[in-house]
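In what follows, subunit A forms one complex with subunit B and a second complex with subunit C.
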Partner chain A sequence: MIILCTKEDLLSGVNTVQRAVSTKSTLPILQGIKLSATKEGLWFEATDLELGIRILLPVNIQEEGEVVLPARLFAEVVRRLPDSSIRIESSGHNINIFYNDSHFELNGYDPEEYPEMADIPSGDVIELPGPTFKNMIKQTVFACAVEETRPVFTGLLLQIEKEKISLVSTDTHRLAYSKSLLNGNEKEFSGIIPSKTMQEIYRLVGDEEFLNIKVSKSRVIFNFNNIQVLTRLIEGQFPNYKQVIPQTCNTKLLINTRKLLDTVERASLLSRDNYLKTNTVRFNIENSSININQYSELGKISEQLEIEQEGEDVAISFNAKYIIDLLKIIETDKVILETSGPYSPCVFRPENNEDYLCLVLPLRN
Partner chain B sequence: MGQLYQAISEVEENLSKLLEEVRSLRQYVEYLEEENIKLKRQLCAVSEADTARVQKNAARIQKEAHENLEKLYQEGFHVCHIYFGEPLEGSCLFCNAFLRKD
Partner chain C sequence: MNPRIKILDQHSINQIAAGEVVERPLSVVKELIENSLDASARKINISVEGRGTSFIKIKDDGSGIHSSDLPLAIQPHATSKIDSISDLETLKTLGFRGEALASIVSVSRLTILSRPAEELSGYEIRTEAGSVLEIKEVGCPPGTTVTVRDLFFNTPARLKFLRSNNTEFGLISDMVSRLALARPDVAFTLRHPDKVVFNTPGTGNLLETIAIVFGHETARKLLPVNYEDDSLQIRGFISPPSLVRSSLNNVIFIVNSRVIRSQQLNQALKDGYYTLIPTGTYPLAVLSLTMSPSDYDVNVHPAKLEIKFKDEKKLKEKITAIVRKSLLTPKSIQIVSFGKQGYTGSSGKEQRKGLNTPALNDNLFLLYGCEKPKKEDSIEYQPLKSQEPINLSKNLGTVNNIAEANYPLSSETFSAPLEINNREINPDSIQHSPTFRFEELRALNQIFNTYILATDEKSLFIIDQHAAHERIRYDQLSKKLKENKPTSQTLLIPETIDLTPQEESILLEYFDELHEMGFIIEHFGEKTYFLRGVPFWPDLHNPGTIFRLFLDEILSGSYRPTTEKLFERWIFVLACRTATKAQERLTLQEMDVLIQQLGATLNPYTCPHGRPTIIEIPKKELEKRFYR
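And now, the complex of A and B:
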């Protein structure tokens, strides 16, 4: 393998695939990045067997070939290369990086041992609108469980039914749901995609108008720009989320999003390090205002926020982190809050937007 | 002519089979009708007081079961089908939906 390229090319390749490199040391070769010089250009790829990322870069290929290099070290080397023209030559499993009048030799792994990221030959291909899908990920990915005895909660349920697409996530304390339209789509799909994959899609999708997904029962491939993201689906049944979404409410509020976020963030400063480890914020809702009066060993806060209120007065406690997470992704000036009391899930949604909602279950006192 | 005879006797045979089936079906219908009448009589024999008592009992058992589940949830255990009986961290949307449903 002989290639001529720039530092930028190498950086772009490494940065794109690096997060798919395995962090576990069970199979050492998975800690590598594979470089394949082909007629099409230079492929970078990495996989932890759950998630795989590939990117094709149009560099000057003098001689085809492939190598697998230790990801962390290669990335460090690339970041420290000068901005001069670079020539990479392989010799056996190792490479030599030539820059200016110097060179850096790096030992690699046997590329024959690197697992292949297989295509889905007969999968359905569905076209998704890039910016919309990216926004849907942002609206839901935060509500996934981080570590969970039930793996289904560490993923997002993607459902495509003809012209409808939805994403749902829940950690059983809160739930985020976002839907949109897929104009002209005839195909169907339902699967649970790991949240790590979705975070990568969010990070890597730029301003592409569309991305394609190719689906099978156990895997999905996302294609956009010159990038491919392959992911295994999470096995198991996603619980019936529709039954937890309340259909009625006793109190409906319209609140300034920014002001509520600031208030909750200030209130949580007093409780976030308390001995109970719960970051509680209590809303006393009465006479068209939210009152927050809290104290801890650290100090005391007393705030009053004017709101529009329909229905009963109510007092509800929340985990402040959940409220902060969801208010951060609501882009409208005002947020709607619907509640049926301190024991029922509270619904938050952007004003004038029926396509998104986030549920939070209040804390029991 | 031999062929025609054979065809006719085949039709005859099929018809008699069909007739046999119709007869057995009629028997079955008669049996169902009898059963229906019997059940209707039994239903009439149950007094309104008895019906009310049974309904009240069922409601009480249901209420007790619901209260027990509610108590279990309050004491910090899941009652939803996903995690039933496992320790609860804070709260659970699925337990909540299960307990709120009528």
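And now, the complex of A and C:
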């Protein structure tokens, strides 16, 4: 393999695939990045067998070939290269990086041992609008579970039904749901995508108009620009989320999003340094205002926020973190809060937007 | 003069023997079921009322007892199972001593109704406290029905020691489920008193029986074990490393259809899981061993719960290897790597700024992992060759004894005593030493940015700053936990929990207390429950495990674990994470405050993981060393 390129080329390749490099040492070769020089250009590839990322860079290929290099070391070397033209030559499993009048030799792995990306989906191609999809990820990914006890909750349910696309995530304490139109789509798909993959998609998708996905039974591949992201789907049954979203409510509020966020953030300061870090916030809703009266060993806060209220008065407690998380996502000036009492799921929605909602389960004391 | 030594009458002999064999209602159920199994029953119905003292009925479809044998059957040392002790070498039956029935008869009102299939009618024998009241011919289906009423009516002392209905019945249902697992080819039905507690199909399929006992969800996850060589066959199921419990209650060993207890086999199983599961957790396992009866001795335990293997070491090694091999099947590997994968995927490092994803600060894996003393520690704590290990709990790790060991100027002298590693120091047993008071300690300096040197002008003290601060934080957190009013986080999608009959009875007994801790539990059907709300502790992932821990603690210890105990590991991690680290520069003022805070804790001498916080070198000791 002989290639001519710049530091920028190598950096963009390494940065794109780096998060798919395995952090475990069980299969050492997975801690490597695979470079394949082909007629099309230079492929960078990394996988931990769950998530695989590939990017094709148009560099000058003098001679085709493959190497697998230790990811961390290679990335560090690339970052420290000068901004001169760079020539990479392989000999056996190793490479020589030539820059200025110097060269850096790196020992690699045997590329024969690098696992092929198996089961590359070859099914239907579905086109998704890039910026919209990115926004949907942002609106939902925060509500995924981090613990592995019930794997389905560590992913996002992607459902495509003809002209409708939706993303749902829940950690069983809260649920985020976002939907959008998919003009002209005829195809259908439903699968649970790991949240790590979604975070990568969010990071890597630029302002491309569209990204397309291809699906198989156990995997999905995302194609955009010159990047491919191949991910395993999480096996299992995602719960019927439609069933748990309340259709009616006894109390409906219209609240200034920014003011509520500030209030809750101030209130949660009081619990930040307490020992148990039980970050609760209690809304006392009466007479068209939310009253928050909290105290801890650190101090006391008393706030009153004017709101528009329809229906019953209610007092309801939440994990303040959940409220802060979702209010940060909501972009409209006002947020709608719907509840049917202190123990029922509470729905938060942006004003005049039926496409997004976040459900938070209250605390019971 | 009356002779002082005399031979007891038969009734007393029987009652004494009964004390060994029939310890509690559970033993009656066990012995009678074993008799039914020995009579080749295919179906066994067990009915129990209350805790089993008022009424136990075991009905089987076995070979029955001939009318002429009936009076003999209730005599001690009367058995059809062996002719002489040498038959034990080839024993195929569960019983052989001919003691059980006689023992039960002597402490209850017992009725046997039996008809061998080849006879036209059956006979009934009624007994009370060992004497036969009546024998008569009756009509009945083939098989034997034994009814035990008023158990222990003539031994009130025994009655007093029995526990509550729920506990005693829990033990019975646990025993019956173990026997059912040992004999998946026999259909067991347990009723209490009219409600069917469980019902195994008796199809011979072990996994089906496991599903009944442990729940379908659990059974689905288990890994099969299959092994055979010329002297040993092992069949059964074990849990993948991702499925663990906090006690050994769900580990069942069966040898030739006999359920046994064996510390050695438990250890062998645990060795198979070594490093695959967190310390302090245990797998689920049902392992059925088939071997020649001549390879072990059953005649070592009154209830035959323990047996002695001829070549225990080899057997242990085999089991460890087999378990290890089964765990490394693709199915289990996938689950293991899957878990870890997701974990790294969402760890703090991977977190992207604008996305606001929750960082996994700790989960149970970390929870267990963090407090675990490092393997290398054992090297540091090697005792001196010629030195008696020092009992830390009494001597506070002073080096007095080391000097007495006549080992004057060795560089290794200050290595910590062996006990530290054993972690058997019971914090409650440690008293504040009278030799010094924390208030009198004055910090001198810090060395290696890790240890604080202090003195009270009588001794030199070395304090591990991290361990000390951990102890302080632990105490503060425990106190807060006790004061904190519990709050429940309600769940959008409830967690389903399958319980064994015994676990269910514990749940019902402690329902209110669990509710107070913040668990909202709802009955779903059968032995399945919904967890609709869990205690609200931030960063406490997987609260379902805490619920399990609660059940397991009661199962193994039969007392209610304190909230503090349940959340112990969680407190450990929080304490560890928020404590001053080693390699942190402290000022003299900070050191003094740390020492005073340490002195105010309940047990200032060890950190929550059992490592010492402070070591004392008395002035006298220094003088000795300098030959002053």
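Before moving on, here are some points about what is shown:
Note that the second predicted complex is superposed on the first by the 356 of 365 C-alpha atoms of A that agree within 3 Å, B and C clash if a C-alpha of one lies under 4 Å from a C-alpha of the other, contacts with A are read in each partner's own complex, and residues count from 1 in each chain.
What we mean here is this: a residue touches a chain if its C-beta (ideal position, glycine included) is under 8 Å from a C-beta of that chain, and two chains touch if they have at least 3 such contacts.
All of these numbers come straight from a predicted model, not from anything done at the bench.
In the model built by aligning both structures on subunit A, subunit B clashes with subunit C.
In the superposed pair of complexes, A:Tyr202 makes contact with subunit C only, with no contact to subunit B.
When the shared chain is aligned, subunit B and subunit C each come close enough to touch A:Pro239. Considering which of subunit B and subunit C touches more of subunit A, the answer is C. In the overlay built on the shared chain, the residue A:Thr23 is in contact with subunit C alone; subunit B does not reach it.
Contact with subunit C, but none with subunit B, is seen for A:Cys144 once the two complexes are overlaid on the shared chain.
Within the superposed three-chain model, A:Thr170 lies in touch with subunit B and with subunit C [touch as defined at top]. In the superposition on chain A, A:Arg258 contacts neither subunit B nor subunit C. Residue contacts after overlaying the shared chain place A:Asp325 against subunit C, while subunit B stays out of touching range. Once chain A of one complex is fitted onto chain A of the other, the partner contacts of A:Lys217 are absent, as it touches neither subunit B nor subunit C. Of the residues of subunit A, those at positions 150, 170, 172-175, 239, 244, 278, 319, 343, 345, 359, 361-364 touch subunit B in one of the two structures and subunit C in the other.
Subunit A meets subunit C in the complex at residues 19, 23-24, 26, 48-51, 138, 141-142, 144, 146-151, 154, 170-175, 194-196, 199, 202-203, 239, 244, 274-280, 317, 319, 321, 325, 328-329, 343, 345, 359, 361-365. Residue ranges of subunit A in contact with subunit B, taken from their complex: 150, 170, 172-175, 239, 243-244, 278, 319, 343-345, 359, 361-364. Against subunit A, the residues of subunit B that register as touching in their complex are 74, 82-83, 90-94, 96-97, 100-101. Within the complex formed with subunit A, the subunit C residues making contact are 242, 337-346, 350, 352, 354-360, 363-364, 476-477, 480-481, 484-493, 495, 520, 533, 536-539, 541-542, 544-545.
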